[in-house]
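Before anything else, here is the set of structures, which you'll find just below.
Two complexes come next, and they have one chain in common, chain A, joined by chain B in the first and chain C in the second.
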Partner chain A sequence: MDKFLKKEGTASFLSAVAAVIMGLLVGLIVLLVASPSNALAGFGMILTGGFSDMKNVGQVLYYATPIIMTGLSVAFANKTGLFNIGGAGQYMVGAFAAVYVGVEWTFLPPVLHCIVAMIAAMIAGAIWGLVPGLMKAYCNVNEVISCIMMNYIGLNLVNLLVRQTIFDSARNQSYWPADSAELSKLGFDKIFVAGATPSSVNAGIVLAVIAGIVMYIVIDRTKFGYELKACGLNREAARYAGINEKRSIVLSMVIAGGLAGLGGAFYYLSGAGAGIAITEELAAEGFNGIPVALLGMSNPIGSVFAGIFISYLKVGGQAMQSLGLAPEIIDIITSVIIYFAAFALFFKLMLAKLSAGKQKTNANAEPVSQNAKKGGTA
Partner chain B sequence: MSEYVIEMCNITKEFPGIIANDNITLQLRKGEIHALLGENGAGKSTLMSVLFGMYQPEKGVIKKDGQPVQIKGPNDANRLGIGMVHQHFKLVHNFTVLENIILGVETVKGGLLKMDDARKKVMELSEKYGLLVDPDALIEDITVGMQQRVEILKMLYRENEILIFDEPTAVLTPQEIDELMNIMKGLVKEGKSILFITHKLNEIKAVADRCTVLRKGKYIGTVNVCDVTQQEMSEMMVGRKVNLKVDKEPAQPTDVLLEVKNLSVHSKHGTKNAVNNVSFQVRKGEIVCLAGIDGNGQSELVYALAGLEKSEGTVILSGEDISTESIRYRNTHGLGHIPEDRHRHGLVLDYPLAYNMVLQRYFEPKFCNKGFLRYDEIFSYSDKLIEQYDVRSGQGSKTIARSMSGGNQQKAIVAREIDRDPDLLIAVQPTRGLDVGAIEYIHKELIAQRDAGKGILLVSLELDEVMNLSDRILVMFEGEIVADLDPNAVTVQELGLYMAGAKREEV
Partner chain C sequence: MDILYFVIQQMMYFSIPLLIVALGGLFSERSGVINIALEGTMVIGAFCGTFFINQMQGVLPGQPVLILAMLVSIVAGMIVSLVHAYAAINMKADQTISGTAINIFAPAFVIFVARAIQGVQQVQFINQFRVDSVPVLGSIPVIGPMFFQNAYITTYIGVTILVISWLVLYKTRFGLRLRACGEHPQAADSVGISVYKMRYAGVLISGALAGLGGLVFIIPISTNFNATVSGYGFLALAVLIFGQWKPWKIAGAAVFFGLMKTISAVYSGIPILVGLGIPSNIYKMIPYVATLILLAFTGKNSQAPKAEGIPYDKGSR
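On to the complex of A and B.
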């Protein structure tokens, strides 16, 4: 069994690497078009920026934390055959719950305060996942549609609540969570420093990695994971087996939402001096969960690495600012790399699926792979 | 000009852990029906898929009219005049018959489909070969037998000369099988050549000229069908004597095990009930067969008993009313179910075989400890079933179910359900797609279950199986039970009349 898993694992890993290389090449082309004179130097910075000093290494981990969580969220729902595109909304309501508790509940002692804030974030995110889960399970409403709606409801609700409860008009954003609610630095600020400026990395990254490991175990080793995967692979057979498929759908969306909500807490409890801004844009951290999960092949451990990789590009991109490139261009280039890599992988998966109908599947099993195809593209 | 239209010479095709075709040679004469016989997993579908271009062989050559050819995909096959009816049809369900037939080879004029010409050609073909279809009916509204005609018309429309049928009769009713046999005979008269896979020896006897036998991926031999008996063919195929008729003692039924009272199931289409106010009993120690022409409510009745479909009325199992209980409750309280559709319900095709073997039991303490699956237990249990029921696959318990041969998928499900040792086993077409050796084994197991005091509700379209196995026959017609018969006191012809609704007995 283990050997077999490893084999599968290597194949996925290699295709992810291939996709990343594709993405980087396209990024280079975009860079050549956008700014020919700086292209090669800039590209070098993207590649090495994340390693340029210890602080940047820390920053890579810091930015990776929330997107690992939203990536895990997407990957988890995916196991039950659901596409959780609601990461942005879940992330935002989670962030608000954490910041609210962090700002208001100062009667709590330090560590407990932080824990309660994280729990609040998880619950808020879970509720934001629960709604599409219920709608899918009991009314057969496509989760993509209800997730998108929940994203906008979440965004506007958070704007409203921030304005009414914890609004800091001086900064035109929410107050910052109290020190007692901050995630511990775990001494990282001593390791990941450049000169006197430490990186913002904190206990969040450790918790995110632990979340990934726990999720791997749950999915691969437990009864619960067996049920979720059975539902994702063949819902009718899961029903036949006596698995309560409605419950599985709802639970998997609730857990996915909780993971994304926790991602929001990790970001805003980092003590990096961030409040929730009033904005009309959905949180990018929410959407970046999708390429993270894709690059990670929906594998929890893979998602952890994918999150770190994408964050590495982001830090590398920031380093490029010294070349005088507009931040927008840098954003475009890093997103092109991210999305192209994810897209290349998506394409590869689709192709594999299509040819599976011909090559991998035996002729007797044809019709189901056909249905799977239909389901996949629908 | 070569004697053979198609020659497959020394074909070898390997899959992980197994050589599916090991140096196989098959020669098809022009104008013959050539049967391909072999146990489950012998490599028949693989060999035909190689000919149809779906797999590339590691070794060997394919010759068409004596000339070596390369077949890289179904399009190449089509160009060479090779067509295939897959065991499971590949039709677009919300398209009409006509649209399905011309799909992929549409003729267009100024960007518009030239439907009239196509329609004319289809109607001509349909008349010529007795393949009557309604060109404007939607696929989802017509029977499986009709769908198969559409598949055949598709091949004819493409003017294919070499026709491959992969287990075409497994899904048909006895009447439809007779019709298909006649159609096949008509096709070879027109000079077409047919490759025909089936597990039913009487069908080979009835239509085939020659028969090639495979065993465990190897070529055993080719015989003239008229020179051999069915016994000889089955021996060639399994390498031992097979008892084609089951021996069993008369049943000794005891207490009532299953009691169904006034059960009704709403129909998905139309307003009529699919199952209408049905009442019957199954006692311990008997095999009760639900006979009937496909589509008369048997499937819905079974789904209702298993809890997969909503119903009205009462279902009592071992004295306990389970009418409103969950599927899980029924599964764990004495109900076993070999489902009609092995791909839809029976298997999670992308799970390894071992996981499929514990599909309704993974949570039992034996396989699960504090929420964690016990791999070693699951795999050793699965190995045991594989051994006992001779389930063949490339990589044993680790094999992904999707890659197994159709018959072995079926064997895995049957093994799982019998081994759960349910009080009542609902067996829907339990031997669909199985080879004679496997059928013999499964029939023996079912009778052993009966003799151990279990009840069996058998649903089968196969009259031989119905007559051989059952102790009592309930005939369903249009959602109602129209007769309760003793198989020893009724002839097949009479049974046919009941099934067709021409005769009815008050029960």
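On to the complex of A and C.
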């Protein structure tokens, strides 16, 4: 048990679980205060709504797709010690690039059209990650600040470009991408269906999972991934070891941006009938990548599951609307999860103290630090 | 000339809340705590303030309601910032993450509460707070129409806060100690200053000002609060950086950013600007682009407080 507690991964996992429990608890309390009569029924819907029928299971995967991508984006940058809060901007410029190609480049044949749209989204997102990356590497500018600026530049630029190029004044949003640019349904609409209404889930979720696996391999099994991680752990030491740390920082942000941009493509190429709306608000999917990455402990595979979990809550929250409760409760729960996930360090220290304390009694008067090195053999 | 008066009056509506919130951020960052929760704090402040007005408007006359509502917003903002302070100071949490949590929490919370209480998420209020002309001062030529007509008392409160902030930060013992905690907390601690207390003070002041700024932002430009302050908290963060963490430069940045915002909102009514044919989104983008460019040039020898964002650990002294 001590050995189990001492593993780094276990501690992160336990702190993530603790954060989720706190989030759900606060959600329940808010529900109880707001509407005592419906609170328990509503809370039950949050917990089970995602499984209520096959269509909802599909919707969970559908909503998970973009936030898995932005979550991977945050997680990837995090490996190099960078906090990518620019997911919203990268996501939106990616979405615009994909929709623009989807609407305008109809001369392309079906599958190729979709691929080109996704590549365009990746490039646009990558450019939005490149700027903070360059500024961090060469001008010593905190990436959090530059990412926030890039978010709003992206938002306004997308509003401007949508208005001037692919604006559908009847719907007050952009035109929808052509059918030939849509992601394949892969037969999911036959599986995830309730009555006659199929879910919107499509090939995007498969691609998102593949992206997670590829990222896992790159981070854990390649020299490039090792260099990125080395930069994240100790920049000076990495430079001393001959790693080009500036290049690593820039590439890390570029790839993170590309992932978020691709998330935008997945959402708008889903064929669910969505154009880019003119809005003054940043895309929520961009920010939701942060809880996904935090809950996934910055692990790519963990982020895939965390994305599905957050999306599961969201679908449950929509089901809860039938009781007249606002679905915003899900965002409240998510934010509390993020808040307590930020305590991870404190939580880990507590766990370490707990197991160290146990050992002290076992191994008589030996100093604690030596015990820790022995790895809980006592 | 009328257009100039109009633009300046409008500009105040945008610049003053930016100024107040950015000064709030200044106190927090100068004490060593990054507060990107300004946006969320503004939302909570604006909600509590407008809801107070919504409830009390029938009972009390115009200006007193506004002043009480401002106090409500200040208290609400301080409560929110307490949550951030606890994470950032006691729990040594990542300040960006805890700030992000508050930014996601705030709009969701106010929508949820508004719907639970009144069914719809918009909080309505009647705008009866505009002062057509300040007695005596309003009739001064040129300056009168610019600054003392069609104004809100919030404008003068904002300017007062600017002067007080400067005095507090640079002319009092408290200000010196606060700044010390942001530059070198170990040194501050070694001479007996409580870093934790100072940082709590900084974050609480930032919460108070951000909460107030939220209400000040909503009052002149709308008659309902719809759970958003349109990214003004983040824009205030840009003002803070563009102002290089100095009160008077922040005021200059707030005026510049407010002007850009004003132009983007009213340019269709100004013939010269219509002639230029620049879309409004470009004007909205300029503050962010300008901040990025400034950062690129000043990043190497940034004026940012040295210890901002780093949790203070007594053990590492």
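What we mean here is this: the second predicted complex is superposed on the first by the 313 of 378 C-alpha atoms of A that agree within 3 Å, B and C clash if a C-alpha of one lies under 4 Å from a C-alpha of the other, contacts with A are read in each partner's own complex, and residues count from 1 in each chain.
Note that a contact is a pair of C-beta atoms (placed from the backbone, for glycine too) under 8 Å apart; a residue touches a chain by one contact, two chains touch by 3 or more.
Given the structure is predicted, the values throughout are model-derived calculations rather than measurements.
In the superposition on chain A, A:Tyr226 makes contact with chain B only, while chain C stays out of contact range. When the two complexes are overlaid on their common chain A, residue A:Ile213 makes contact with neither chain B nor chain C. With both structures placed on the common chain, the touch criterion links A:Asp331 to chain C but leaves chain B unconnected.
Set against each other, chain B and chain C touch different numbers of residues in chain A, with C touching more. Judged by the touch definition given at the top, the superposed model places A:Ile115 against neither chain B nor chain C.
Contacts of A:Leu40 after superposition: neither chain B nor chain C is touched.
Within the superposed three-chain model, A:Ala238 lies in touch with chain B and out of touch with chain C [touch as defined at top]. Those residues of chain C whose C-beta lies close enough to touch chain A in the complex are 34, 36, 83, 87, 91-94, 96-98, 100-105, 107-109, 111-113, 115-116, 121, 228, 230-231, 234-235, 237-238, 241, 279, 281-282, 284-285, 288-289, 291-292, 295-297, 299-300, 302, 304, 309. Residues of chain A that touch chain C in their complex: 30, 34-35, 83, 85, 131, 135, 139-142, 144-146, 148-153, 155-157, 159-160, 163-164, 280-282, 287, 290, 294, 326, 328-332, 334-336, 338-339, 341-343, 345-346. The part of chain A that touches chain B in the complex is made up of residues 1, 4, 221-224, 226, 229-230, 233-234, 236-244, 358-370. Within the complex, the chain B residues that touch chain A are 45-46, 48-49, 54-55, 73, 86-90, 166, 306, 308, 326-332, 337, 339, 343-351, 355, 359-360, 362-363, 368, 371-373, 375, 379, 398, 402-406, 409.
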